[in-house]
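Structures for review follow.
In what comes next, subunit A is part of two complexes: it sits with subunit B in the first one and with subunit C in the second one.
Let's look at the complex of A and B:
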């Protein structure tokens, strides 16, 4: 196994920024233990959503800007678990159990559309996401859910925009085996769950199908000559991405403590895309290291810049940096895609 | 031949008679109501639906784009379309957005007799009083005095104000913040201003809510439990109230004071279809949950949703005016109508001294 991580310009800039921020935080007496505990939670909250981009990237379909489709499947699973009043870890597992088959079905439909528009998947995916969200808005407003804790407080029908998970399975995963060390909270269960998801993806890319998928991503003409069923592999990659995305939002929601419906999923693909690009994904071959490094750098930058900017009384600067990083990284990746294509660095 | 024609004529006459009868029953005018979507703001939307159900056939309810700030042109076209309908004699806009005034200006130029009531919109007040017959709003700036004062009465020693640049660029919200700062200094409460990620840019509201989740425990560990937290944006309230239940700090009032904002999601209130919209029942439930979580006396709001009250109040005023039962929109004329619609006392004050068509309201508080 070759493990090479070539640090590119964006990682360098963000890493330098992060180090300066850490130093500033220390200087301003902002509690670093709070920051590090939150950084660990943020890594996993967003990490699985970022991980869900990997199968589609590796199959050469591009970045899954249609992440809202996967998120919606996950939200449906979460809503079903709350509707049946399943609580605790069981409730979280039930949400996953409901979400996964739904995600597979959604993923299949989504994959069929992407196969139609081969070559223009990314822009199509953006619009699939944008049109799917309003469609689901209609669904949420009329869906026949019956748990009164989920319904609109004035109208009495349809789902509320935010559903509290306090009485169901809020922070269930965050608190398994968590321990405190020098004021630092280490969410072991949460980190293990993330590791497990990463392991599953790693194992998948070791199987015949996984290797075939990577081959397809690297050179489609060659894969075709080798007799691989391209359309079938592409559908499988999209389904996998969608299922992972659905699991990702379940983890996100239990950690956040609320299910967010309606327009909330609309923009969620962009931070995930920025994170994986920041991690160094070249668009053809994406590794787990890209996922972890990208998510960590991206989310921690957000996390630290807020309190520091407030402390030194320039809150707008944090906002400008946030926007620059989110959009700038995507722009950088698009500009250098061609150049970076050759640098295949597999960590599988 | 005549045998077939005769029943046809009879049927036609009967239909005509039925149609004319139908028209005679309802007034010959309609009222256009404009609100945000259900998911953007339930109160206003349901308020308009309530009015439409109460006066069937008289209300044309339009819903503004979900993503208002990016589709302002669509919103303006929608509102202008109301002016093209000759049956519509009054327009009620309950939206809490800015940038709607140009549409009203155009309608008023074309049809000066059209009655326009806004409850509220947030455009330049001096321009609003020129074109709008009656502007209503919550007394945002006055709340800059009432909220910190209430917080102090509830035991607050520190007052934290969470907002972001786009909100602080709005005149009323910035003024309210300044008033809060002033009031805090006067009554001896430490005022802390914190800026969150902006939900109107790029990433949506998630980064803002995530920041609040992480920052509130940090601030409470710094300033202690006797801290009042106020956020200027609606989605913030879910997180603030949920954290208040956990950390027992004070939540003196939400940005839009109503029992239906923040409390239902944060407390997991189970409101059955029968009790939906029944504010007395909802308040009872909140009280019980506050007691169960040990936050009695730490949470407060207004007992009735202003957003739910405004659409019905404004529509009633428009109807009374069109029916000739209301001579003007003077304070003395509209106050009794407000009491009748809200069921509680509502205090009005002119937006600026001397103005007779722009009023701000304040309702009494309930402390759970």
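Let's look at the complex of A and C:
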């Protein structure tokens, strides 16, 4: 198979930026091996969240800006596992086990709303996210969880904004089968888990339902004429995206070592969207290559710019750069899509 | 007056036009004929400065208008030079009135307001605008109220508005028309052609592109035939002949398809009772129609009178009422998937937008519907409840279709959007063949398809009917083609069945029926 890697302007800019940053890091004696190990971890940490955008993108629903819905399902799963004090790999598995059915239920409701607003899914999804997060804030504050490690130390009621996972399953996945090589840590288990998720998505898009979904994304009128049940396919795509998103946040949290509740999920859709767009998915069928390339470029840029900016500029600058990159890429992708739409024959 | 010198145009490495030289006198009506992809539209696009030309690297050669070389790089510069164009896809503003559409960008204004605010912000004089519009429309002899909202007009009237907009210009020197009669009926076409002749007498040069050869013969002084981006023949009025021109267009001669024996059995396979479809722009009102197994039924009407709505109505794509009895069973709620599982399949009129997955390969397009609905071309992994495409079987089938239907392509993995219109239609037919339907509904199968491919496509329908016993329902505005391949032809008028005629009926009777006159038995 031919590798269709279309390196375009945004990828070039980010690649150039990355190379300059690498050079600077070398110059400032920031450990490159440490950066690379960290880059691998961050690839998987965020990779599954980015991967979760693929079903909805390929079904023509657009970017899942409602990722907070999926993340909330994942957080609920994590909280349940911690509440029952399940530790180790078992704890992580339990979190996934709780999260997946919850995500399927959330995804179904979310999908129904998206079918209702067909044609304006992306902006609606943003506001579903924005209105779902406050609703859940209320839930986190009153939910009857009982493990004191999760609750406010004073008063003993309501969940803390940040729950440490050190005593439960922090970095469980990161440390399975990892090995060290020239000071480089290779998290084999973590990478395998990511590969497994990618493989599942890849296989799904090779099935009869998967190709129907791709056809729906490309041409809805055609899909309708071929007798496909469009609303079912769309619901399935949203549920798949939501379930993957929930798995994604579980992996993210165990790697990060903390569960972050309340407003934390609010903005998490944007870096993921930015990564997949940077991978080159704008305006065409999204492939796993877009996911991996996009996440890697995006996260590594994030990772490197931090210490360097802190070294040579004021500390806050790193965060400013990050926001510029995230939102700038989304803006570029929207402009790119607009240009593709205008570029037709009937464009007078 | 208009002199084209060595006009060339490259799209990438593909040469769309290759050193075209034309000299057209003032007041001449010059026809341009050619099959699809021969470069007719590209030539007009160059003259009108369409953005697609500039975006793909501009053109080569020189355009000399009234002795002056002019560089056309945008529609604005083309208009300034005196070109006007009537587009194949209508370019009118639906929310403006007819008068506003006709005088757009040239609105008469109150002179006082212009002095104070400048032309861009001057007040429009609606009264004068209406007078100007109705004067122009009077040239056609069609009665359109200039105050009417343009979007509410039927398609043929909108076409007149578009033409009126161009010819109302005082500075118009060259009028370019790209298949202006495609949406008009015979009476309206005649009106238009008459108007063009009057216009030419006033000294406007007209460049006329069409698929209908008869129009050239009645209208044009000269005719240029393009083939593969080159001038393959030039004719003057005296030298026109149907045969010579078509041979010149396709570089060989055409054999017309014709259905031979009548294979109709007397068993009704599908009957519609008081069947109504509310499809926007094409509505059907309580239609009664019986279709026999194994026949080819043609459906024709003027545009907007309902011929296009039958297929989508049967497939459940628009709200319907009334009864549909398929093979003796009354269908309840109409649903595309259910109809397909009962052996009914439809090929839509708009191949590009609804008939094909443009970004996918020929093989994927051919087997898609069969995979999804008939569970063909699939294999199951033994331990999983998942079906995967059987690529080997699919490729084999696609290969057979390509050779049987003469689809010209590199191989089955070529993307459909790279094929020409005729070959795309053949892919659609291959898709229908893979479904092996009992009833196939086809809308406008030959619209926008060149002469050679047209006959091949008609032949395929005949072969399908003969060899597989497929019942065909063909909705088309090409009366001549329907008469050659159909057993019966239903004529609709205002959404109702006006008559079912035998294909041997005289053409004049058909034309009368389409305009609402019940033929005498």
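FYI, the second predicted complex is superposed on the first by the 325 of 348 C-alpha atoms of A that agree within 3 Å, B and C clash if a C-alpha of one lies under 4 Å from a C-alpha of the other, contacts with A are read in each partner's own complex, and residues count from 1 in each chain.
Criterion: a residue touches a chain if its C-beta (ideal position, glycine included) is under 8 Å from a C-beta of that chain, and two chains touch if they have at least 3 such contacts.
Bear in mind the structure is a predicted one, so any value in this text is a computation, not a measurement.
With both structures placed on the common chain, the touch criterion links A:141 to subunit B but leaves subunit C unconnected. Once the two complexes are laid over each other on the shared chain, residue contacts for A:162 go to subunit B alone; subunit C is not touched.
Contact comparison for subunit A: of subunit B and subunit C, B touches the greater number of residues. Of the two partner chains placed around the shared chain by superposition, neither subunit B nor subunit C is touched by A:109. Residue contacts after overlaying the shared chain place A:328 against neither subunit B nor subunit C. Of the two partner chains, subunit C is the only one that A:228 touches; subunit B does not reach it. By the touch criterion defined above, A:189 reaches neither subunit B nor subunit C.
Subunit A residues in contact with subunit B (one complex) as well as with subunit C (other complex) do not exist. On subunit A, the positions that touch subunit C within their shared complex are 203, 206-208, 211-212, 215, 218-219, 221-222, 224-229, 284-285, 343, 345-348.
Interface residues of subunit A, counted against subunit B in their complex, comprise 30-31, 34, 38, 42, 134, 137, 140-141, 147-149, 151-158, 160-164, 166-168, 256-258, 260-264, 266-268, 270-271, 302-303, 306-307, 309-310, 315-316, 318-319, 322-323, 326-327.
Chain contact summary for the complex, subunit B toward subunit A: residues 37-39, 42-43, 46, 49, 66-67, 164-165, 194-198, 201-207, 209-211, 213-215, 217-218, 221, 235, 238-239, 242, 245, 259-260, 264-277, 282, 305, 308. Residues 50-52, 55, 75, 89, 91, 315, 317, 336-337, 339-341, 346, 348, 353-360, 364, 368-369, 371-373, 378, 386-389 of subunit C are the ones that touch subunit A when the two sit in their complex.
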